[in-house]
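What follows is chain A paired twice: with chain B in the first complex and chain C in the second.
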Partner chain A sequence: MNYQILLSQMLEGTLMSLRIFFSTLLFSLPLGLLVSLGRMSKNPIINLPVRLYILIMRGTPLMLQLLFIFYGLKPLFGIQLDRVLAAQVAFALNYAAYFAEIFRGGIEGIPQGQYEASKVLGFTRQQTFFRIVLPQVVKRIIPPMGNEFITLVKDTSLAQVIGVVELLKITSNWVSSAVDMTPFLIAGVFYLVMNGIVTRCFTVAEKRLAYYR
Partner chain B sequence: MQILTANDIYKSFDGVEVLKGISVGVNKGEVLAIIGPSGSGKSTFLRCVTQLETVDAGDITICGEKLVQNGADGKAQYADKAACGKIGLRIGLVFQNFNLFPHFSVLRNITEAPIRVLGKSREEAEKAARQLLVKMNLADKADAYPFQLSGGQQQRVSIARALAMEPEILFFDEPTSALDPELTGEILKVIRELAAEHMTMVVVTHEMKFARDVADYVVFMDDGAIVEQGKPAQLFDSTTNERTLAFLSRYHDA
Partner chain C sequence: MGFVDTQTGELVGFDIDVAREVCNHLGIELETQPINWDNKSAELNNGNVDCLWNGFSKTEERDREFNLSIPYMKNNQIVLVKSDSAYKGLKDLEGKVVGVQADSSAEVALNDNPDFKNTLKDVVQIDDYSKAVLEIQNGTIDAIAIDEVVARYYLTNNPGAYVVLQNEDGTDASLAQEDYVIGFRKTDDALKAKVEGALKEMAADGTIKEISEKWFSEDVTTVSAE
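== the complex of A and B ==
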């Protein structure tokens, strides 16, 4: 087995995994915030579709969602997304639902008194949300967010079901052609390193926000 | 000049009437104390005049501006949103459990609203805030965070935060109820000092001695209605009202 070629291909696969990882965060975090606001809306015209969305995203396998977005949009709507884009869309939609519920938990945990103090002081609703509520939500949701980020690193491997060549796909190609299990071990180390970095970032963020309680 | 005039205020929650025709007036520079048992509607009344709740019927005028009045149908009609917001800036409210912003330093708790809402410059707002902190005997706590302070200190910060908006009238909703007994004194002292400076105030309180000493006028509420009101001497010493006597006797026993 040529380890130099193996490693360089695995690095390429890692880049693909990271591409999905970062694009998912970029889109699903803001989308998740919007979805959480919709979920908390008292208007059933907003609230009910959002709840249905969350139910579908959390209630069906991400792998099925990937397959649907890559293969299923064509017969239904005549839309054919490119493999990587389909994966990015599926991941963003799926993770937005999880993030939305985490945001909701964080927002609903802010005491009513914070809103009342803000109102009496004359803050607008936007100022109250972005300056008073959201910063406190961020601190509260760091532990559950850490879980999701770590899961996302590993979930990127699911993109191979629609033919995206990411780290684990490349690895298993090597394993099956060379009948040698070593690449699996190496892949495991790669995932561990990525999640080690993610964990480290969350530890730092938690410490940085420890200046208040 | 009356800073606050409330006439015949009615308020129900889920069909239960909590305020049954409350009328109260506060003149400039006066201190009004509202006393009464828990659940008598004192706090609800305060929340209505500070716009944290809406009334079902009645008139409220603050600094000559109508916040709400009865329409032709006898139901409350509020001024438009801009007018309500403007009236809201005339008042300050100090909460029972402080409600400081935990992620802001003491100084920023006090300066944030003057800067963002009143449009003051940071220098101006910080200068005023530091003066208020000196007055509250907290000059060395400007950079502390709320969790590092005692309850009494937190409540003094929240009074400074309210004063920084330069309100015409300051409301206190049981400002010492969340504090240990040994800390209530420092809050009452601050309110006394503000009274000496002729700050117009309405204080919902369970501190009878304080109400008698500091208030110009006392309102006794029970079961959503005003049972009796008058000068402290009259209400505390020479009342003949049975409900007032029964309520006060519970405090004398304690």
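== the complex of A and C ==
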């Protein structure tokens, strides 16, 4: 086995995994915030469809959603997404549902007194949300967000079911051709390094935001 | 039948060499796309790939579902065991566990041999042969029902590790003999005709024989120049 070429191909696979990771965060964090606001809306025209969306996204396997978005949209609606784009869309839609519920937990956990105090101080509703509530929400949701980010790094390996050649797929190809498990061990180290960095970022963020403690 | 060359990192194999040569004849560039084998018909019919060319055995069901090319080579379904095991023939596997790739023609061949299959303790579906090879090494299965051409790759790359079960007369025991074909979309006669034309040219000028000898040390192709 030529380890130099193995490692360079695994790095290429890692870049693909990271591409899915970052695009998912970029789209699912804002989308998740919108969804959480819709979920808390008292208007059933907004509330009910949003609840259905969250039910579907959390209630069906991400692997099934990937298969549906890449293979199912063409026969149903005539839309064929590019392989990588299909993975990015599926991940963003799926993670937005989880992020939405985390945001909702954070927002609903803010005591009513904060709203009352803002009102007394003359803040508008928008000002109250963005300057009083949201900063506190961010602090509170850091631990569950850390969970999701770490899961996302590992979930990128699911993209191989629609033929996206990411880190684990490249590794399996080498394992099968060489009949040698070593590449699997190396892949484990790659994922650990990525999640080590994610964990470190969250620890730092948590410390920085703990300025009142 | 594509493998990673563990020295160069390139995807290699008999089918890939033949496909590349066909593309050279047609003046186009070969683009290989690894797919999940379970999703092959969606990949083809949605237009993500233009043909399925990967040790694709001809079966009646596939003939209905796909537009199949002329057969380009013969293949046998055989049974592979570890060379240090006591198994010599199909009979020795009575009460043993055999692994097979899910949705493969080896699985069909097993089902078509109920006399053999019923003597087995269990048939384990594994999602690809590479994992089956790992299972046989770990002892979770005793044998693999596998395409002969795929088996040859493992036999060549791990000399002495595996043997093929044999008939009493010393020939390889075959569960089924079949033809390899290339699968096109039902509506795509044009590409099929072009590829078949190029295969015939390669049979006439001997290039397909050369590729076969490079991979299998003999000519296993069945394309006639006519």
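Assume the second predicted complex is superposed on the first by the 212 of 213 C-alpha atoms of A that agree within 3 Å, B and C clash if a C-alpha of one lies under 4 Å from a C-alpha of the other, contacts with A are read in each partner's own complex, and residues count from 1 in each chain.
Methods note: a contact is a pair of C-beta atoms (placed from the backbone, for glycine too) under 8 Å apart; a residue touches a chain by one contact, two chains touch by 3 or more.
Treat the numbers as computed from the prediction; the structure is a model and nothing was measured.
> Could you look at A:G163 and tell me whether it touches chain B, chain C, both or neither (first, second, both, neither)?
In the superposition, A:G163 touches chain C alone.
> Chain B or chain C: which reaches more residues on chain A?
When the residues of chain A touched by each partner are counted, C comes out ahead.
> Once the shared chain is lined up, is A:R19 touching chain B (first), chain C (second), both, or neither of them?
After superposing on A, A:R19 lies clear of both chain B and chain C.
> Once the shared chain is lined up, is A:R51 touching chain B (first), chain C (second), both, or neither of them?
After superposition on chain A, A:R51 lies in contact with neither partner.
> Quick one: is A:Q9 in contact with chain B, with chain C, with both, or with neither? Answer first, second, both or neither.
A:Q9 sits against chain C, while chain B stays out of touch.
> After superposition on the shared chain, which partner residues are touched by A:R140: those of chain B (first), chain C (second), both, or neither?
After superposing on A, A:R140 lies clear of both chain B and chain C.
> Which holds for A:R131: it touches chain B only (first), chain C only (second), both, or neither?
Touch partner of A:R131: chain B, not chain C.
> Report for A:N173: first if it touches chain B alone, second if chain C alone, otherwise both or neither.
second
> Show which residues of chain A both chain B and chain C reach, each in its own complex.
No residue sits in both footprints.
> Over in the complex, which chain B residues touch chain A? Could you list them?
50-52, 85, 88-89, 91-93, 95, 97, 99-103, 112-113, 116-118, 145-147, 158, 161-162, 165
> Can you tell me which positions in chain A touch chain C when the two form their complex?
1-2, 5-6, 8-9, 67, 71, 74-75, 80, 83, 160-163, 165, 169, 172-179, 181
> Flag every residue of chain C that touches chain A in the complex, lowest number first.
For chain C paired with chain A, touching residues are 3-9, 33-36, 39, 42-43, 46-48, 128-131, 133-134, 137, 154, 157-158.
> Inside the complex, what are the residues of chain A that reach chain B?
My answer: residues 111, 113-114, 116-117, 119-123, 127, 131-132, 135-136, 139, 211-213.
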